[in-house]
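Next come two complexes, and both contain chain A; in the first it sits with chain B, in the second with chain C.
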Partner chain A sequence: MEFLFYMGDVFTPINFGLLLLGTIGGLILGATPGLSPTMAVALLIPFTFQLEAAQGLILLGAAYTSTVAGGAVSAILLKIPGAPANIATTLDGHTMAQKGQGAKALQISFLASAVGGVFGVLLLIFLTPVLAQWALAFGPSHLFWLAILGVTVIGSLDSKSVVKGLLSGCIGLWLATIGFDDIMGAQRFIFHPALGGGINIIAALIGLFAIPQVITMFAKGRHNDGAEVIKVQKHPISGAFRELMRSKRALGIGTATGSIIGLIPGVGGQIAGLVAYDQSKKFSPDREKFGTGHSEGVIAAESANNAMVGPSLVPLLTLSIPGSPTAAVLLGGLLIHGIFPGSDLFDNHPDVAWTFINSMLIGQILMCIFGLYVAGLAARVAQVPQSVMAAVVLGLAVFGSYSVQSSMGDVYVMASLGVMMYFLERFGFSAAPLVLGLILGPIAEANFIQGSMIANATDGMAPYFLGGRLNILLIGVVVASILYSGYMELRTRRYTSKEEIIA
Partner chain B sequence: MKSLLAGAAIALAGMTGAVMADGHANYPERPIMMMVSYGAGGATDFQARIVTMTAGNEDALGMPIAIINKPGAGGRVGWNWLAGQAEADGYTLGAYNIPHFIAQSIKGGVQYSRDSFEPIANWGADPAVLVVGADSAFNTLEDVVSFAKENPGKLTTSGAGLFVGHHIAALQMEKAGDMKMAYIPTKGGGAAAMKAVIAGDVMAGINNLSDAFRAREAGNVKILAVADLERNAFLPDVPTMMEAGLDVDNSSVNFRGVMVPKGTPQGIIDKLAETVPTMFENSRVAGKMKAGGSPMHVMTRDEVLDMWAAREETLKELLAGL
Partner chain C sequence: MSAPSLPRLQHIVGSGIVAAVGVVVAYISYTQQPSEAFLFPRLIATVFVVLALWTFAKACLGWTKVGNGISGRQFANLLPGLVVALIYIFWAAKGVGFYTATTIAFFILLSLYDPAPHMALKSWVKRIIITAGFMAVMYGLFAKLLNVYTPREVFF
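After this line comes the complex of A and B, so read on.
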């Protein structure tokens, strides 16, 4: 209950002002395509040089929580996921916005984010010592099986047919091999210096999601001169609240998946949203509605990616190991004030530690309030004529992919992947499985190589990868996931119709 | 189209070059950019931001230095960019990591070598240390060496990657002790390598002194030896590898500093070489670095030139057999 004791510190005028600043600034930064939470936090670090440790961390903590939620805005309204965490949000969120339900989608996403986020931070407050052990339990072999588990959902994710889903997953896995291999230093498929560092995930996300849509909008503009005006439906906040209460299953699955996956160093944030989306689709009686603008999809994805925020800091705060790029940046923010995470933080600087954690808790709620406040206004974006919209999205796409590493190479990568995706979409492939392949490929590969090196030096491949309780459990889940997909595929066996081939 | 662009860029660079030749006295006239070839939040990035924070002061450069990150492939992406694409006009600096970039250039596949860059000054030296988990049976370097000798190739040892300081230290240990270890490079840098040690995925690890110091403060690891010529001020109780009986020198120490691409006007190099070391010695910089557990080691341009040459020689010899 120590955290309650320091709760007052959050509400001193300066601290609360910084919290507001961080939250609002974070929402804006998060809603800007290309500015991932990691980068937003890195941008704010220099401002904390002048502040006291606790104040600096309030700013960073608030910015971290609200950028993750802010990413949903561009994902829903523009179909540009600002970070891997928001990929799943585009699947149903953007479809809702196209139907004129943008306000509803945004309100639901902010409410779901707040529920997931508060739960995640509460886990951080109460269960940190237990969770730290859990985070350490995942060695290379377990992370390998976890990535394989991710691969098994590729087929069923947002695709008309399992085969096409798997094919686009394979394209993603191949794209992931481009560049210098991080472990062995081998060069693979580098035809241009811009590809030396591999395909940047943010640039790829922007290209794969935004560009096909831009091309479609331009193509439509030539046929149809009259601007197509979507009526944006007003949506009362209380309605969004009731909707959330009705979707307890999606909310629960999202929050639980996000919290569990968020803990695992090196994997968490990127796939929490996608896995939660897939799980709640499998467990939902209305699974056919997913992908057509179903609110449960938004709820699962957004509650998961905000639930991940709290647990993702557990390895950092207790063991001094940054489990994600954002945590690494936060570590810098702590070190600059001479505070070492770990027992030192909680024993010698409890005021800093608990003020930081409390500020994330309050930040989640503030983020939700501001988000709801602007949702109605922001949804009007859908009324912008398509020809204008296409130009704006294209501009943001170029800006976003350039700003990741100030490199034109990323812009070329974004553009070429985007054009490729436009044609692939016409053949019924979709971007989500491709991106999942791109994310999971390096995780599976690096952990397999590392695991096999350890295995060869110790007791051999089979005992290392197949032995141990956690390995067997994960393999069991992988097998179950494959069997379930196969069963669903057989039960709802559909033949590809002529229209689908043409479309 | 591309050659046209390249031509235009060269013409533009030539023009700015001509302008610069007239008046380096006023340098710098606009903010300077410094490329860091590792991601935001990494040790190099973190330290680069601290040591450059006073650049805007009147007694330093009088203009701020902005950090730009070009991460990827263990630093190769950033250094390739600095050697090949960056403008050598004095407004583009780069951070170097020794032995990383020299070792990479010896192994090949990159567009730079020692001659592609001109050093300005060195700010830090982070020695490699040997760490084991807090509950490990190993208590001294001798324990580790005798285990490795009895079980050739069985001692799993994590490090941040191939051809970085950690790998060099492992190679030197193998050579000095006439033993075989299983070096496990990790993806995700020193943090991932440290996690592998704390979680018990590997039996030992080679890591940065600064990160290991923090992990020891948190009670997670034991530090058995430092791969340097003398004991470190942060860890006065930890012996050097030589004291503990392994003939390993300071070749694996991770030196960090500032350099510029070759072709930068000599007048600017001289001005930077004169100002930058004093900027590093600023008391605010030193205070922040100490608080963050980052060992400082300021060296002038001439000292760095000697150090680069010496490193290249050692590394060529060490990596010849691989």
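After this line comes the complex of A and C, so read on.
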């Protein structure tokens, strides 16, 4: 119950103000199509430099939580998911809005998000310290395999092509080696003076997530994409609450599914929402109503994608393996403040760790309260033309990456990586494994070098890195995740081919 | 034998570039000294080059299933914006001054992609107001709140 000891820290004027700012801002950003939670958090990181570590994390954590929930506003009122996590919400949410139940859909979506989110954060509170203590038993070889596991799991599970996902991870790991080597001081892959200090993680994160989005908006050209917002009639909140109580099954399935999926590194909220929607439909006696504006569909999807948020931070805070791309960006936010996840975080910086986690708990409640009031404003922001969004995001990306170290080199790196990532995405590569490679690369290399020194002084490389129960288990998980993803990719392709033949 | 279709050709070129980078990375990793500093890059480069060549071979054989490439229309749409953005980032921001360059780039991009009619005076007034509002927010945030000193150069 250590978390209760630090609960008061969330309510200091600055911390609570930042929590409010992150929550309201996140709700609005989340409702904006094209601004994904990952990109929103990446663009916010430069604003946290001048804050203390806990304050910066409160802002980022609140934005993470509420952008996921805010995406439901545009999903319901515009039929445009604010984030990939809200795809399942459009299925019933928008139909409800078309039937004149927009307010009810928004209310149950925020209430379900809050229930799922609070449960997810409670899991985070109770699982994290236990796993962090367990992580103490890890030696350099285990930490090396864990870093590789983080890259391969996201590379294989988060990508449509396993080979391209793993290749993206390799590109990220290589990019992480650019600059001066820590031990020998040797220059590695410094093709331009801007790369002398290596690739700055924050500039890279901004470039990899924001610039491809800007270019995608450019690629759409001059067209009017302002979808019409469905007007919302008043609906009593008590009615939405009763509806939620009546849909305990959907709420339970959504919350449980989201929590479990969040714990698996690499599997994002998009999958959580869709799986929960599907399972809720299967177990519902009114399954034929799903897709026709049934509230259970919204409840299952929204409780799942917010329940995923807390557990996705468990592997991040204990083992340095982010559970989602946004969690990977949060890892970058931790590292810039010199804080390393794992037992070090809870032993040496318990105030930072617990204030951050507690703020996420309070943030879920604030998100629910403000969500209901900000929804109308957020829907209007969602109508901002893509031309304005593209120019705003580009400006923020340039200023944000420059402000990291007041270096034009970082701006050049940000732009180069961003343009490269846009074209790579067009060819089926994805940004998440590349980012993971870039973030986990230094951890993998440091432990590989340390491990090889120990190995040379003892049994040799192969027994040290490939022997022992834990090493074998980790290697097994790496191989299993790749094989499973490969199998799923083949199955999906075979299924798609059959459908094409039938059509 | 027919010429490869546009996406296939794009996949060959795209994966070819990635494979070439992989080969260069592997070459540098295995030839540069001190070898101890390149121990980890060698490990990565080996996997990198194998996966990149595999992807390239698949693209050449027409087996690539993922990634739609870029259509001519998309490329024509994105090109002006990309050129403006690259000039802004790689030259104007440092050469002209951060705020001046951002103002000009923002206004050009807005005008290029805004669906509002170019002949209407109202559209231009709206664009000017949006640009001025955005720059005021950026100046307030970065110059006043975060105290970030940006290159001023010729102008501001």
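Just so it is clear, the second predicted complex is superposed on the first by the 267 of 503 C-alpha atoms of A that agree within 3 Å, B and C clash if a C-alpha of one lies under 4 Å from a C-alpha of the other, contacts with A are read in each partner's own complex, and residues count from 1 in each chain.
Definition applied: contacts are C-beta pairs under 8 Å (C-beta built on N, C-alpha and C of every residue); 3 or more make two chains touch, one makes a residue touch a chain.
All values reported here derive from a predicted model rather than from experimental measurement.
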Partner chain(s) touched by A:Ser406 [first = chain B, second = chain C, both, neither]: both
Touching partner for A:Gln386 - first (chain B), second (chain C), both, neither: second
Chain B versus chain C as contact partner of A:Lys220, first or second or both or neither: second
First, second, both or neither for A:Gln98, with chain B first and chain C second: neither
First, second, both or neither for A:Met184, with chain B first and chain C second: both
Touched partner set for A:Thr128, first chain B, second chain C, both or neither: neither
Contacts of A:Phe49 with chain B and chain C, given as first, second, both or neither: both
Partner chain(s) touched by A:Ala137 [first = chain B, second = chain C, both, neither]: first
Common interface positions of chain A, toward chain B and toward chain C: 46, 49, 183-184, 406
Residue ranges of chain A in contact with chain C within the complex: 46-47, 49-50, 159-161, 163-164, 166-167, 170-171, 173-174, 177, 181, 183-184, 186, 188-189, 214-215, 217-225, 385-388, 390-392, 394-396, 398-399, 402-403, 406, 408, 411-412, 415, 419, 423-429, 444-445, 448-449, 452, 493
Sites on chain C touched by chain A in the complex: 10-11, 14-15, 18, 21, 25, 28, 32-34, 36-41, 43-45, 47-48, 51-52, 54-55, 58, 64-70, 73-75, 77-78, 80-82, 85-86, 88-90, 93-94, 98, 102, 105-106, 109-110, 112-115, 130, 134, 138, 141-142, 146-151
Residue numbers on chain A that touch chain B, as the complex places them: 38-39, 42, 45-46, 49, 136-140, 179-180, 182-185, 187, 193, 196-198, 265-266, 315, 319-322, 325-326, 328-332, 335-338, 340-344, 405-407, 442, 446, 450, 453-454, 456-458
Complex contacts: residues of chain B adjacent to chain A: 39-42, 45-46, 49-50, 53, 68-74, 76-77, 80-81, 84-85, 104, 107, 109, 111, 153-156, 161-163, 182, 184-188, 191-192, 194-196, 198-199, 201-202, 214-215, 217-220, 288, 290-293
